[in-house]
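Right, I'll just put the structure down here and ask away after.
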Amino acid sequence: MNNRLKARMQAREPGLLNAWLVLGSPAVAEVMSRQPWDSMTVDMQHGLSDFEATVHMLRAMNGSDVTPMVRVPWMEPGLIQKVLDAGAFGVICPMVNTREQCEQFVSVCRYAPQGTRSFGPTRAPVVAGADYWKKANDEVLTFAMIETRQAVENIDAIVSVPGLDGVYIGPSDLSLTLGLDPVADLDHPTLLAAIETIRVAVERAGKFSVMHCSPIDYAMRMANKGFSLRTVSNDGRLLAMAAQELFRTVKSRPASGAAGY
Amino acid sequence: MNNRLKARMQAREPGLLNAWLVLGSPAVAEVMSRQPWDSMTVDMQHGLSDFEATVHMLRAMNGSDVTPMVRVPWMEPGLIQKVLDAGAFGVICPMVNTREQCEQFVSVCRYAPQGTRSFGPTRAPVVAGADYWKKANDEVLTFAMIETRQAVENIDAIVSVPGLDGVYIGPSDLSLTLGLDPVADLDHPTLLAAIETIRVAVERAGKFSVMHCSPIDYAMRMANKGFSLRTVSNDGRLLAMAAQELFRTVKSRPASGAAGY
Amino acid sequence: MNNRLKARMQAREPGLLNAWLVLGSPAVAEVMSRQPWDSMTVDMQHGLSDFEATVHMLRAMNGSDVTPMVRVPWMEPGLIQKVLDAGAFGVICPMVNTREQCEQFVSVCRYAPQGTRSFGPTRAPVVAGADYWKKANDEVLTFAMIETRQAVENIDAIVSVPGLDGVYIGPSDLSLTLGLDPVADLDHPTLLAAIETIRVAVERAGKFSVMHCSPIDYAMRMANKGFSLRTVSNDGRLLAMAAQELFRTVKSRPASGAAGY
Amino acid sequence: MNNRLKARMQAREPGLLNAWLVLGSPAVAEVMSRQPWDSMTVDMQHGLSDFEATVHMLRAMNGSDVTPMVRVPWMEPGLIQKVLDAGAFGVICPMVNTREQCEQFVSVCRYAPQGTRSFGPTRAPVVAGADYWKKANDEVLTFAMIETRQAVENIDAIVSVPGLDGVYIGPSDLSLTLGLDPVADLDHPTLLAAIETIRVAVERAGKFSVMHCSPIDYAMRMANKGFSLRTVSNDGRLLAMAAQELFRTVKSRPASGAAGY
Amino acid sequence: MNNRLKARMQAREPGLLNAWLVLGSPAVAEVMSRQPWDSMTVDMQHGLSDFEATVHMLRAMNGSDVTPMVRVPWMEPGLIQKVLDAGAFGVICPMVNTREQCEQFVSVCRYAPQGTRSFGPTRAPVVAGADYWKKANDEVLTFAMIETRQAVENIDAIVSVPGLDGVYIGPSDLSLTLGLDPVADLDHPTLLAAIETIRVAVERAGKFSVMHCSPIDYAMRMANKGFSLRTVSNDGRLLAMAAQELFRTVKSRPASGAAGY
Amino acid sequence: MNNRLKARMQAREPGLLNAWLVLGSPAVAEVMSRQPWDSMTVDMQHGLSDFEATVHMLRAMNGSDVTPMVRVPWMEPGLIQKVLDAGAFGVICPMVNTREQCEQFVSVCRYAPQGTRSFGPTRAPVVAGADYWKKANDEVLTFAMIETRQAVENIDAIVSVPGLDGVYIGPSDLSLTLGLDPVADLDHPTLLAAIETIRVAVERAGKFSVMHCSPIDYAMRMANKGFSLRTVSNDGRLLAMAAQELFRTVKSRPASGAAGY
């Protein structure tokens, strides 16, 4: 087992990009995995896939160059271990606000003695090779989502948890807990300051920061800011945007602008 | 976003009825949604649907007049938020026995600052409109199930939780914890007294009481008793009853009476 | 392998009833299979199930007393053989209007030398026993649907096809080709005369007549008329009727009357 | 039942656009149905959906303004009738090369006496209303695909078939049978001449021409040429294009250009 | 309701064997259920099935002689109750390390007054009969997994929890927490001593010990050691082994030895 | 696009083996694809998969070394083209008994001018590369099943059809039409003579012969007989055999011997 994404982040390769899948569609996952993403994340929190569809999506990525990851819906030990056994090379856990929550999260991702992950990697060795279980503690990426005011206050305690590879910054939820608009205020100085606080703390701890960038131009503004990886948009949004661009091109009728997906 | 069911309950419209779906079938959901129910609830606790089938069922209700709700299996923050993101206009949470449990439940249903719900309403804006997230805290219905002796004892503390819209009364579980038969004793004075205790406390708090009525005649006996909404029977039971009625009509062979579904 | 339905029809057991499933739901199939039906048919023509859901439905009938059958969408040799391999004990083929069509249908249901069915009964022996393939030619029921004016004209030629077990009468389509209303004219003398013509021809040929009765009272009017088996209503209609009866009972609001399913 | 697309085409409303779905994803269908398409077609020929996924996709369009259509894989009477029963308001049949093939296609789409469609509209009345079956012969749209040299030669005989609403022009297959490249030669004079031959014949017959335009700029070049409806791109291509545009914007790494989907 | 497995374990029937299903395939479950297993367990922890596939698998076992059980992913009250409602006759809960965890687990498996299981056995009565809910507390098997050093230390406190039927020993995880290799050290004296400690404590408490034996020869070495039931191998491993044996037989090319599934 | 199996058969590589999948399980397909098979065939005729499950199975083979093929249920042009668009590198068509049938089969597998395959390779380029459509006519393998007495009589006419790559010999059906037992007579001289007749004719025509060998020892007896490829057993049978071997090893209780799958 070798985690290409981890190796490239460690090598400080610039410009790494992560795709985000909310549509729960294996066909979409397959199409997207043949685009030059560095990693792809199945979003089981706000996305539409159950575990079984998630496995179909991971299979669709087989044979591509992307590193597969999953964002789980919550700090649920059962599901986190299931997606690891199913071959996710990285897990993103929402709403990690305290050091204790972070320790719990990391613990279920690591085999003893580092943690408490249960042994039984059903599908992972098929993707990662027969040495999977021996290397998993070193290779599987663990990202704690930092997305609340409380988490920012606890950032040093959180990032110092052994076995945590880095943090995943969720600017929308972070803005909400800072009293800002989660859609309109993504460039608000208060939010940007909090993000910088996180990034600096993570860098100090020698770990990775991943930045969630839903609008594409946000990803551009977040370039060259020291993030190890940026998520850009998501499959549903890309599709809706493409349709809206199509309508702008082909006819004058205005698109509905429904924000969904 | 406008929640018709909430508006009608607020207007004290009498006789509102809620359908209950345990079969996990999108086709059943579609057929039922074209009947004059005021709301429909996908039962993910005792019913047979996973999240993905639940989403198919919510889609099947598109274009109908029913308000879609989901009963989740347990106080699981991840799944509660998933069904909200998927467009449920109301959530019913089982086994809320203490004020603390109720606060946790309500918290995950409300965006900050009222709660801790994570931002990312994937499908909901498609159903509810682009203003979904701004109105969700006001419009999404939250029902705590009152179904144990302990919950009855804590009823005032529970119903006073800010952001809770009302309670959902489960008479079978309530009867079990009162030492009664969950099927045969639905009209037992002890049970009826507990139900009345709940209803009065809820009314005092200015909130909604929803009554689960599995036999149809129970729904009739519960009419005009001050409940904002009554659930009547469920899809599996209706189907089994219809088959049994068919056999009574067509031939003399007695139906098996299997209680399932 | 023993086909209970065939044995009972041969013994001229009166009052045999067949359930009809259009909802494509394994849960519905399981609930219904525990009611005292003599056989159950998954309708793949006008119903909503693909092959895979059909197999789930056949599995749901495991361990019950009903004899499982499938109505295929059309005279498609591939699918007819798939449902047989999947364990259907009877196949109903729509729109058999000529002797040649009937011969083709029967041929794909029988192993050589009686027919051309391909060998490979994947799931059937699990249900029927290891002797399945040796007894299948004798035990699997084949029903040709007689549902057009042309088929009535060819009825003697059709029913005399060796290996055909009987006919399945579709009164709605038959009424359409007779210039009648497929819903309102089910008791029209012209239709009833055509049905009687069919029944007499089948009886003369020593085979079985099955009558499709969508309204329950039609099934009652068709009792004691010499049919070997009657289908009564379907799962979607039973559910809609049960809901409408529920509304008549519980409140005065009229049901929508949507005819679907 | 009222077919908005048919009414608008009859009213010669300009600029009508049809979406094309190959990904087999209900979530994609739902997102797209909230964009201002006039109709949407589930492609069961080259797309990835089976019948059951197609039904989920049709349900996802519930409550939107688009008119739902299906392209079937082939002139298969069973499946054509299944998608109609499932609520498709239009059917596109591939490879109609002769008048006889066209007659067969139209026949299975029309109830007697106009055709031979079997009665049993399971889901359609839920979408279209209880009068579905009485209006279906008039409202359901039937499009024969003209996509071979042979079909062009037979165009007058094909379009004169009673009950056929129009033709659907497939330029890629047409170019192949004309000895051209199906991707690079879409503007070749030989192909354009054949398309014009078709369009003129259809106009003479007083019927509708629908033009399949896979690249968006092809749709623009085909505007104002007398087509009643244009298909523009498809969901998989839109997604791949959006990803490629994203990569052009965010970083310099070239997209892979994989043509799939 | 009668639980054959429980009755046979109580009668100390020797040599009882449990099958283990990780592939998440209803077809596999059906094939396996017709082999002479005494019980079969759907592994929802390390296996690939969601709840809905698990229900399909339970249905596939209908009509066979095996007693159906489920290993849940974690001590999740919602899912444990769902699999019971779906007809599992036994539940195996991972990582029960303390008496308190064991009490929580047992509580959600038992109706009041013994526990807190919510009433609503949707599918179970179909399999188990209308008396299901009255007998479930006595008949449903509850197994706590003992698979950590901590659990061994707490073994007496754990096994004395009322309502617990027995323990399920997971040697791989146990070896990990004992500092051993979870694959190579299954016969290590330290591990065997811990297993014997568990077995003796369970026997003293008058309960059942179930032993997980992944390699077949491990099952043989564990015979006649006082376990009430042994799990042998799993469906994915059996399939891979059969393929490898096939390659050894048919050709000299060595099998890849990928350990997956 | 490069078809490794075709290249290796052309190079007369000895001992090539094909896996056969009837269980319809993507997990099984994934496990098996990591064993050293040279090709794998999803059996859609006697197996349990619909098109959608077949696509999941093809995706599960992504990244492995096996060449994916599909046996279709019948000579259905729609489905044959769907599985090709979905990325099958070879198609096996049952019951090709005449030259005309063979011509129809080959025609739908080849783009004009060689055939009539419709253009729209949705998933295939993802697996095979952007040049898929230009190379598909040369690289996609077409196998006609020879499995009846009539086909043997027509063998020279069948194998000489241009564009046909070879034949697939089905000994069970062949034995049935020769008046033999499809299970017990696989070594009957009459059957072996027919097989040799086929093989010689195919060799004369310079094409490939593939031999279906259900029992493993049959595959061994068929080695070194000039077949380009041998299918050995199938997933369901391997699993059942492995279970039976397990029972022989672990305990004396005889396996049931159910022949299913």
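Worth a mention:
Which chain is which? They are A, B, C, D, E and F, in the order written, and residues in each are numbered from 1.
Rule of thumb we're sticking to: contacts are C-beta pairs under 8 Å (C-beta built on N, C-alpha and C of every residue); 3 or more make two chains touch, one makes a residue touch a chain.
Computed from a predicted model, the values in this text were never measured in an experiment.
Following the contact convention of this document, D, E is the list of chains adjacent to both chain A and chain B. Counting the residue numbers used at the interface between chain C and chain F, under half appear in both copies, so the two copies meet with largely different residues. Of all chains, the one whose Cα centroid sits at the greatest distance from that of chain A is C.
Comparing the CA-atom centres of all chains against that of chain E, the greatest distance is found for D. For the pair chain C and chain D, the distance between C-alpha centroids works out to 34 Å. Chain F has its Cα centroid 41 Å from the Cα centroid of chain A. A straight line joining the Cα centres of chain B and chain F is 52 Å long.
Shared interface positions of chain D, i.e. residues touching 2 or more other chains, are given as 24, 27, 30-31, 34, 48, 50, 52, 55, 76, 79, 123, 126, 236, 258, 260-261. Viewed as a network of touching protein chains, the structure does not reduce to a path, ring, star or complete graph.
Applying the touch definition to every pair of chains gives A-B, A-D, A-E, A-F, B-C, B-D, B-E, C-D, C-E, C-F, D-F, E-F.
Remark: chain E residues 22, 24, 45-50, 52-53, 72-74, 76, 79, 94-95, 147-148, 170, 172-173, 176-177, 179, 182-183, 236, 257-261 touch chain A in the complex. Within the complex formed with chain E, the residues of chain F that make contact are 15, 17, 19, 23-25, 27-28, 30-32, 34-36, 48, 216-217, 219-220, 223, 232-233, 235-236, 238-247, 249-251, 253-256, 258, 260-261.
In the complex of the two chains, the chain C residues touching chain F come out as 50-52, 55, 76-79, 81-82, 85-86, 111-113, 116, 118-126, 129-130, 132-133. The residues of chain B lying in touch with chain D in their complex are 26-27, 30-31, 34, 55-56, 59-64, 123, 126-127.
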